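Structures given as structure tokens follow.
Two complexes come next, and they have one chain in common, chain A, joined by chain B in the first and chain C in the second.
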Partner chain A sequence: MSAPTLQKGLNAFAEQIDAPIASFFSSCVHCGMCADACLFYTETGNPKYTPIHKLEPLRRFWKQEYTLMGRLKKALGLSKAISDEELEEWKELLYNSCTLCGRCSMVCPVGNDLAYMIRKTREGMAASGHAPIDLVGASNRSVTIGSPMGVRLPALQAQSRKAAKETGLDIPFDQVGAEYLILLSSMEIMNYPEYLQAIAKIFKQAGKTWTLASDAFEATNSGIQIGVSDIARELVSRVVNAAEKLQVKTVISPECGHAYTAIRWDAPNLMGRKLGFKVRHILEVLEDFRQSGLLKTEGLEESKITFHDPCQIARRGGVIDEPRHLLNLVSNNFVEMNDHGKMNWCCGAGGGVSANEEAHEIKIKVFNRKVTQLKELKVDTLVTACANCRIQLEEGLEEYQIDLPVVGLTEMIAEHLVETK
Partner chain B sequence: MNSATFLIWVRETGFLIASSIFIIGLTIRFFEIFMLGRKKDLSEPKGCAMRGGFKTIFTRFLPQDSNTFQRSYFIIIAGYVFHIGLLVALFLLVPHIELIRAALGFGWVGLPTPVVDFLTVLSLISMLALLWHRLTNPVLKMISDAGDYTAWILTFLPLLTGYLAYHHLFFDYTWLLAFHILSAELLMIMLPFTKLMHTFTIFVSRFYGGAISGHKGVQV
Partner chain C sequence: MNQLSLEERLRLHGVSRRGFLKFCAATASLMALSPAMIPRIAAALENAKRPSVIWLSFQECTGCTESITRSHSPSLESLIFDAISLDYHHTLQVASGDAAEHAREQAMKDNWGKYILVVDGSIPLGNKGFSTIAGISNVDMLIETAKGAAAIVAVGSCAAFGGLPKANPNPTGAVSIDMIIKDKPIINVPGCPPIPVVMTGVLAHFLTFGTLPELDHLKRPKAFYGQNIHDRCYRRPFYERGQFAETFDDEGAKKGWCLFKLGCKGPTTYNACATTKWNGGVSFPIESGHGCLGCSEPNFWDAGSFYAPLSTPIGHVAQNAGYALAAGALAGAAIGFANKQKSSQAIEKHEEITVNDLIKGETK
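Here is the complex of A and B:
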């Protein structure tokens, strides 16, 4: 990336403005309902976290450049130009206090997709040098090392050997012609090795071939979180190239919400072409297996469980019914949170927030929303399907001194598999 | 200028100016929006974007769930009462329908005047409540600008002057009627260039927002 400047930021804004954005800003009546839908507002009471307010720089840019009245005002010197100082002030609002969860987009009475706009605004923020330093670091590590957390292939190989030993099953690498390519998030490699073990067991029982790719195992995409399409494209192209080289039919996004968004929805648009394979979230694949009778389970969870819908998988990804079918397969005591599915409250750490140390304090503060939801239910186990949500849930529960185990849905299913010889 | 010549001016020249600016303004604004276009989404759909888009145009008339309603009930109720009163007064008051019939050659059945009257008063009260809310609620105070207050005045004046004129209150009827028409013309002139444009773009923004969700298979 060349040195960022304000002009580059404004150019990036210009590239992002499209008809949906123009219609969204034209329709906004400043009703403030988006504030009530955002946990950064509800848990702090600070009006600056109102989602539409976070978009003020983009709105001004649109108005000044893409409307007749705005251009007139600008020509007459009646409008305030966007400055570096202003963008620097908005950094906190656009990165630290927005997880791109899109809950505001669901309540906006005029139908504005605010998360779509925030994602696009970040392009201008990064290009003008106003992205958080930690996200810049994570993006650089992703490009140079291949993982935002700096996880290299040997770390994965070590985990794979461990998984092979634990399960007695082969962990295949670079198998040409395998049906599925499994992607992982760094978080799963470092913190949740259970996931890879669960995959090995489930696919063995289902009789499906799968593989990891040694040159493309990381599913997360810092380029999308920081808002640099060039980096995002570079990162997804590694996965796309590996999948096409290995001739897999389906690429499976791991239990990570933003990774799913990156590879499922953004990858073809970043590459500028349709992909030669399908992309599915692991929960969609498990649900396919269940429907085809390939997922044979036994026993039921004894504890009372609930499910935290990761925003990018449910509200922004349409994977809402699948986890419920799967949970009911292994539990008869599954209860829903007060707000769930597409209206679930975000964990508070997605969209780059968890990778951003500047946002640490606020992400724990807004976790209070999840605490409130959980206190209403009094469950014994919290299940989710996103490693990033999971680490926030575990850390948040610890901070709020709540003793509640957090489990990934894939590993919960794996624990109930009928033993096959 | 006396009241009669003023009334004639607003009815004829004034109306011609206002409706011309209204139509040209709307055309410019829609052109500004649609000429930007949008990129084709190349990702494999999980649901139907068109269906999600068209469905959201209707479903977004109501809050998504009871929790959203509870959190934002004031703005939802006051907003609805004000919009219903405004639309009823505009399209279901018999004198307005007669105007439309005279201009376009067709009309429809209006509501009894006391009903329109009652809803207009409710609408005026709701608008005052919404203004108070905007001036006192921390979120609204923060996000409101001159455009919000301009739009409020532009909407409030025709309702108020219409009510006063109909009941022959306080001022000379001819002057009141002329000012009522003038206020409606001001509203027409300013609508395309203020947030009042949402009257038309709401269908576009709901479509786009719903299409994004629909493509991903999210129920809207």
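Here is the complex of A and C:
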């Protein structure tokens, strides 16, 4: 245990610098196209929100430590060393005004993955004590309590009993040998209990066995958001260990963006090994059910609906066609918004922004981008597949005084299930 | 004969006054002089006494002399040459042996300080014996004859820039005139060979004004060498449209498209071929379907293939790139290894971060 220091932060930068980062910085052509891809820039017009500019501390560190010219300049005192003051100044750029949505990575003409680098820069920020206080709190609760929102097992058990009562179905806990392990986000447990009920109904109809794990129900991972791999590993290992203990074949990431990234992409790297199970997003599983004829629905939505692609699921995760197939199953009035799919605009609250009170004002300001997209469509219902997006969409629409219901796709499907006796 | 003025001489050759003034006007326009200069050129030429010209040929192929003598007869150019007193030219003169060298010495003595020295061919410095005339080495003869000259005209690429004899590996140690003579005005009239009218134009200018024409940084008269072939080429529109002949017998070649891709050196060659043309204005190489070789530019012989486009690098690119690649790969590997070490050391130094290590001054 030791206090965060600048030295630790710089050491973390050195740990993170790898061949991709070196080639990204070397090949940046300073075109500024990433600015126009970022809603924090487009909605404010402030050039400090240009994604590559958010990486300035890491870029200077790389230049000073890993390049010949940079080392010479540093030796001659021609370039400024990285200071605590500078990192503190960059805190708002790296945490408050970046959702790790990765839209900038898509437009970069030389293929630089800027979101990857911002995630890595946060390692140095956290190690040097420049992480936002709310993310520190969320990480603390995740590690000590088991959920960033402080949700404990009894709360889940209470919600489970309610779901069992509503659906008349059993909510299984710790079933060894079940096919699927269901993970949840705190947001779903507290704000959207419909999700758990939908899961129970859908899996019942599909005839698949599933279970919750009482020691690893939380899918979110504050370590990923704050940028501390040690914490991220600690949190993800709980899920991995539980899944392997229960001998499930597949772990299902809930309707939560970064939870999917954490368990699907980061987990094997954090654990340093292959996982003993498959990881799928709930939409991928539902699409499998649909293709195998295990998803029988009836009736169509009457309202005009559109779908908000969560960044981590669509852009970073590649789950793009699945939600469309599922939507067309229950609607014949589904319309796409502009820039849908892999180029969709972020809701403005991912990557730890929603948990960060310091970012409240700007996250509402940049929500204007989504408002613009929605105004063009004039839809009656907005569907999404990420609880974090959903809370931002609801809050943002409220702030902009737009009356538009937001629904999770899984529960919309569940409402159309054919009743089986 | 020597006492007659140029105009009288032209009359004797049946050239009318009208024809003579036409030549003066053509000379003025060719050299980009004001039309007001035409009467002055006429007056100067009318009254010019035949200046003495001594022509020395060193390491050359006689192509320059051929060029001038093959100009269409009776062209004004050839008459102008009649109008000068060509007192020594070992290819053209009738005298031989001792008498020939006598003629040179006599002309030098009679016109000391006033004669024009024309030189074609380069001078070998590797060994004086490589090229001699009447037992006198080229370099000695040049130095001796240059002493009394009013000006020196270096005719052809060999005299002006060293030309073909100087081409790599330059076995004779050939050099151009201006590498040896430093104290006399020198006009370079490069080309392999040069255009006849360019030679006569330079002489006409000298007779008219008594001075050298305006020269560029390579001592070439700007009037003739001020623009490159490409800028004045009648095929230029095809270049602008990107229509190129790819081979000498394809559709593009038949349609007269630009020869850039077939190695035309027009864009880097400064000469008057595209405007004055050759053989009495009949044609010039590009009009005949072959790209410009750049023969009037320094070191044209060593500037890569005549048939490689200008955009093709010259030299051992692949080999040098190979060496550079190998050196770069080694340096890169070394730097990469050092950088990897740096990151590895940082990972070794890593202290595990827990949730209690995230706030400054609040370590538990």
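Basically, the second predicted complex is superposed on the first by the 420 of 421 C-alpha atoms of A that agree within 3 Å, B and C clash if a C-alpha of one lies under 4 Å from a C-alpha of the other, contacts with A are read in each partner's own complex, and residues count from 1 in each chain.
What we mean here is this: contacts are C-beta pairs under 8 Å (C-beta built on N, C-alpha and C of every residue); 3 or more make two chains touch, one makes a residue touch a chain.
Owing to the predicted nature of the structure, the values given are computational and were not obtained by experimental measurement.
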Q: Have a look at chain B and chain C on chain A after the superposition and call it: clash or fit.
A: clash
Q: Give one of first, second, both or neither to describe whether A:A206 is in contact with chain B, with chain C, with both, or with none.
A: neither
Q) When the two structures are laid over each other on chain A, which of chain B and chain C touches more residues of chain A? A) B
Q: Answer with first, second, both or neither: which of chain B and chain C does A:P4 touch in the superposed model?
A: second
(Q) Quick check on the superposed pair: does A:H30 touch chain B, chain C, both, or neither? Answer first, second, both or neither. (A) first
Q. A:I231 contacts which: chain B (first), chain C (second), both, neither?
A. second
Q. Thinking of the overlay built on chain A, is A:S105 touched by chain B (first), by chain C (second), by both, or by neither?
A. first
Q: Return first, second, both or neither, reflecting whether A:D18 touches chain B, chain C, both chains, or no partner chain.
A: both
Q: For A:L68, decide between first (touching chain B), second (touching chain C), both and neither.
A: both
Q) So, A:L295: does it touch chain B (first), chain C (second), both, or neither? A) neither
Q) Considering 5-13, 23-31, 95-103 or 311-319, which region of chain C has C-alpha atoms that clash with chain B after the structures are aligned on chain A? A) 311-319
Q. Which parts of chain A are touched by chain B and by chain C alike?
A. 17-19, 22, 66, 68
Q | Complex contact set, residues of chain C against chain A | A | 335-336, 339, 342-343, 345-347, 349-364
Q: Going by the contact rule at the top, pick out the chain A residues touching chain B in the complex.
A: 17-24, 26-33, 35-37, 41-42, 45, 47-48, 50, 52-53, 66-69, 105-113, 116, 264-269, 271-275, 278-279, 314-320, 338-339, 342-343
Q | Parts of chain A lying in touch with chain C, wherever the complex brings them together | A | 1-4, 8, 11-15, 17-19, 22, 65-66, 68, 126-127, 129, 131, 133, 136, 139-140, 142-144, 226, 228, 230-231
Q) Of all residues in chain B, which touch chain A in the complex? A) 28-29, 32-39, 41-44, 46-47, 56-57, 60, 63-65, 67-68, 71-72, 75-76, 79, 134, 137-145, 148, 193, 195, 197-198, 201-202, 204-210, 212-213, 216-219
